[in-house]
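I have a structure I would like to understand better, so I am pasting it below and will then ask my questions one at a time.
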Amino acid sequence: MATLTIDKVTKAFGHTTVIPELSLTIEDGEFCVLVGPSGCGKSTLLRIIAGLEPISSGRILVDGVDMSGAEPPERGVAMVFQSYALYPHMNVDRNIGFGLKIARTPLAEIAERVGRAAEKLRLGSYLKRKPRELSGGQRQRVAIGRAMTRKPKLFLLDEPLSNLDAALRVGMRVEIARLKAELASTMVYVTHDQVEAMTLADRIVVMNGGHIEQVGAPLDLYHRPANLFVAGFIGSPAMNFLKGCVDTVEGNLATVSLDLGLSLTMPVSQALRPGVEVTVGIRPEHIVLSSEGQAGAFVVQASVVELLGSDTFIHVRDGEDSLVIRDSGGRMARAGDRIAITLPPHACHLFNEAGQRISDTAPATEPA
Amino acid sequence: MTQLPGAETRPALFQCKMASIMSAEAMRAGAAVAAVKRRSASRASTLYLFALPATLLFVVFVAYPILWVAEQSLYAGKTDGGVVFAGLANYTTILSDPTFWIVVRNMALWGAITIPVQMLIGGLLAYFIERHTHALRGFFRTMFFLPVVTSVSVISLVWVQIYAPYYGIAQEYLKHIGIVMMTSPIGDPKTAIYALIVVNIWQWTGFSMLMYIAGIANLSSEVLDAARIDGARGWRLAVHVIVPMLAPATKSLLLLGVIGTLQTFPIVHLMTGGGPNRASEVFGTFIFKQSFVLGDTGTGAALSVIVLVVALALSLIQIAVLGARLSPAGREES
Amino acid sequence: MAPLARSRIRGVVIHSVLFIVLGFWMVPQVYMLSIGLRTPAQAFDAALFTWPVTFDNFVTVIRDNPLGGIFLNSLIITVATVAIVVAVSSLFAFACAILRLKGSMLLYTTLLTTLMVPLASMVLPLAILLKNFGWVNTYIGLILPYAALGVPFAMVILKAFMEDAPRELFEAARVDGCNPWQTYWHVALPLVRPALVFVTIWQFIVTWNEFFLALIVLTKSEMKTLTIVPMQYSGLYMANPGALFAILTLIALPLILLYVLVQRAFVRGLLAGAVKG
C-alpha cells in the first residue's frame, strides 16, 4: 500500500511531447484505472510510474519520497504486462518466484508464497509447466501471481485483459475484482475498455492526448461527465449528441431548440446567451419510448434495429442527426417502424461550444 | 505517528525522541534519494564493463596490428637494414608490380566463379533437400557440410594427390572424357587458379547450402500457400516465389563471399604457393611473400592496407545499396 | 499417371540424383581413406578404391607419432577460445541490443572491421606482439588472438537474436528487481540458447581448423595443433602416401565425428533465427 503522487510530470520522446504537464494523486489502497483511446498516453504514464521510462520533468513521489530516478524494485512496484512477459525458459513455479529469488528471499519462504499465490489463482496443477504449454487465461494468472507474491506497494496492470477472448475477459475481470478485495496494494490499471474501468475502479482517470480529462468515481463520470469527450467515452453504446442552439434564458433555466426539431428546457450552471450553439447529450438508455399522442413526444423512424434478447437497440437517422435508443423492456421493433420518443430534460446534458458540460442536473434516474 | 508511552509525563524527552525519529526518517528519505542518484552514476559505469572485454581484445589484437600495418606501409627498408619514411612509395611500387594485377585478375575470377557457383549448387541442394526429402534430410544436410569442417591442410594434400597426373584419380576419370593431363592442373600456369577454385567450391558449397536451408525454413508458409492457390507450382513456384524470397540469404552470402574471397590464403599457400610463376597468386599469398619471405614489410603492409580498403568499400557498398547483412537471421528489415 | 504415383516417382528420382551428387562430392574423402587403407605397393594406383584393405598404415602412424598430445593441444586451445568468444560476444551483444549503451553501435561497427582485414596482413604485427609478451609457443598466444578474431561474427548473430526477443521480457526482469548482470544471466542468455549453440559449434570448427596463425605461433613440435602437423608429415611420408593419408584421415576424423554428433543442434540453432522472422 502506498500513496502515489505524480507531480507536474511531463514526458517527451525526442521532439514529441507525449504528456504535457500532468498531476495526479492516487491514494493508499485505491484501485485507479487509467482509461482513454489509443495513444492518449496512459501506457506511457504507467511505465513512468513503474520506473521503466524516465520523466522529462516533474517528480514521482511514493509515500512522499521522491522516486523520480529510482528503479522499479526500489519503488515497491510490481507489474502485469500486456503480453504477460513470462520467462519462456522457466516453469510456472520459477516464473512466479523469480522476483523473490532476485531479492534473496529464503527458499522456504519463496516456496510458501508461491504456493499460496498458486492456490489463490488456481494454478496448483500447472506449477511445473512452461508458459508455452499454458492457455492465454492461465498465462495471465501466472503473470498476476508473479506480481502478487512480491507484496508490492504499487500493483500496476497494463491492459491485462486485452489479449483474451471475450468470454475469458469477463471471467478474468471478476477474478481481478476479487483480487482487488484481497490485496492491500494500491493498484493502477490501464485499459482502453470503459466497461473494465467502470466495473473495477474506485476512481477513473480519463486521459486524452496526454492530459487528464476528468478524474472521479465511475458513477460520477457516468452521471456528471465534465465534457464531451468523457461523456462520449464512458457508457456503451455511447451517449447521443444532438446539435442545437439556445432559445431563451430565464434565471438558471435555458431553453434549447434542437436541429432535430425538439425543444428542451433545463437548468444550467453557467450564464448563457441566446443564439449560442450548444450540444445536448442523452444516453441511449435514458431516451423514453412513449406513444404518439403524449406531450413532448417526437416521432422518428427506425433505420436499423438490433434485437439482443435482453436489450433492443434502435438506430435512428434524421437528417444530420443520428440517435441510438436502448430499450431493456424487450420491445419488438423493425426497421422502418415509426417510434415516438421523449427526452426527459433531467436526463439530458448540455455542453457549451467549448465542449464543457454546463447543465446542472441532479443524478439522473436509473434506466427504466 | 503513534504516541510513545509516558509521553505526556516527559514532554522534553518525548520531543527529543520525536525529533530524532523525524530526523531519522528525513535522513532515510534523503539517503534513499541520494542512493538512487549514486546508483544511477555507478550503474552507468558498470554497464560499460559489458562491452569492455570485446573492446579490449579488439584493441590489442586487431586495432593495434591494423595501425601498425598502416604505419609500416609508409616506410621502406634501406639496404643497411633500417627504415626510412617513404610516403606512398610502397603503394606505387605495388601498383606497378605486374604481380599485383595478376592477383587482381585472380581475385576477380575467384569471386566471380566461386560465389555464384556455390550459390547455385548450394541453393539447388537446399531446395531439393528441404522440400523433397524427409527421412534422409539430416543425412544429406550433414554429408554435404562435411567438407566445410574438414581441415584445410588435409584438403590441400588430398587434392594435390587427386590432381596428380599419373597416380591421381582425376586423371582416371578425365580419361573417360578424353582429357589427358600432362602436368597436374595446379602445376600449369594456365589452369592453376581454376584448379584451386574447384577445390574451394568443393569445400564451401555446404556453407551456402546451409544458409539457404535456413532461408527456406524461414519462408512463410502462408505466402507459399497463397502462391499455390494462384497456380504456381513446382518449377514456377521455385523461380518466381522462392528465389526472390531468399534474397536476404543471397545477399548475406554475397557479402560473406566477397570478404572470404579477399581473405583466401591457406588453400593457395598449401597447394601451389601462389605459383607456378605467380599464376595463382592471391592477396594473402602475395602479402605473405612480401612480408615473410622477402622481408619487405613496407610493400607487404601497403598491400594489406589496399586489401582492407577494398574489402571495406565493397562491403559498405553492398550494405548500403543492397541492404545486405552479415547474418540473415533476425528480423527482416522493413 | 495418377498424381500420387507421379510424386512418388519424382521423389525417387530426386533422391537418386542427390545420392549421385553426394557420391561425387564424397570422392575426396573416400579417396583419402582408401589410400590410407592401401599397402605401399598399391599406394600409387590411380584408382579410387583398391583391395585388399590393410590397417597397417594406421597402426604405424599412431605408434610413431604423438597424435594424442597434438590432439590435446588442439582441444585445449579450441575449448578455451570458444568459451572466451561466447562469453565476450554475448556480453557485448547484450550491451548493444538490450542495454543500448551510448556509443555501442559505433563500437559494434568498428569491431566489424575485424572481418575485413586479411589475416595475412595481421600475422606479422601479431607475431611481434606475441613475442614481446613472451607468448610464442604458448596456448594463450593463440587463444587470445583467436578470440579477438572470432568475437565479431558471434556478436552479429547474438545481437540479432537478442533484438528479436520481446522487449517486455527484459522489462519484467527489471521490475522483478534484476540488475543488468542478472538480466543477462537469467533472462537474455536462456532466451538466445539456440544462437549460443550455433555460435559455439561454429567457433569450435573455425578455431580447430585455423591454420596460418597456428603455424606462425607454434613452432615447437610438442605444441603444434592437429591442423598444422600435416605439413611436416607430408615431408616425412613423401614416399609413403599410405601412411600420409592414414594420418590425414586421423586428423580430419575428430571434427567430422563431432559435427555428426552436434549437427542437429547446430542446424536447429541456425533455423531458430530463421523461424523467428
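Letters A, B and C mark the chains in the order given here, with residues in each chain numbered from 1 onward.
In this section, a residue touches a chain if its C-beta (ideal position, glycine included) is under 8 Å from a C-beta of that chain, and two chains touch if they have at least 3 such contacts.
Computed from a predicted structure; not experimentally measured.
For the criterion of most C-beta pairs in contact, the winning chain pair is B-C. At the centre of the protein atoms shown, by the Cα-centroid criterion, sits B. Centre to centre, using the average C-alpha position, chain B and chain C are separated by 13 Å.
With centres taken as mean Cα positions, chain B sits 54 Å from chain A.
One simple way to say how far apart two chains are is to compare their mean CA positions; for chain A and chain C this gives 58 Å. Within chain C, not a single residue touches two or more of the remaining chains.
For chain A, the set of residues that touch two or more other chains comprises 71. Residues 10-11, 14-15, 17-18, 21-22, 25-29, 31-32, 35, 44-48, 87-89, 91-92, 94-96, 99, 101, 104, 107, 110-126, 128-129, 144-145, 147-149, 151, 153, 155-157, 160-161, 163-164, 179-181, 184, 195, 205, 208-209, 211-212, 226-228, 230-231, 234, 241, 244-245, 248, 251-252, 255-256, 258-260, 263-264, 267, 270-271, 273-277 of chain C are the ones touching chain B in the complex. Those residues of chain A that touch chain C in the shared complex are 50-52, 71-73, 77-79, 81-83, 85-90, 98-99, 102-103, 146, 150.
Interface residues of chain C facing chain A in the complex, by the touch rule stated above, are 166, 168-169, 171-178, 182, 186-187, 190-191, 193. Across the complex, chain B meets chain C through its residues 43, 46-48, 50-51, 53-55, 57-58, 60-62, 64-66, 68-69, 72, 125, 128-129, 132-133, 136, 138, 140-159, 161-162, 166-169, 171-172, 202, 210, 213-215, 217-218, 259, 262-263, 265-266, 269-270, 283-285, 287-288, 291-292, 297, 300-301, 303-305, 307-308, 311-312, 315, 326-332.
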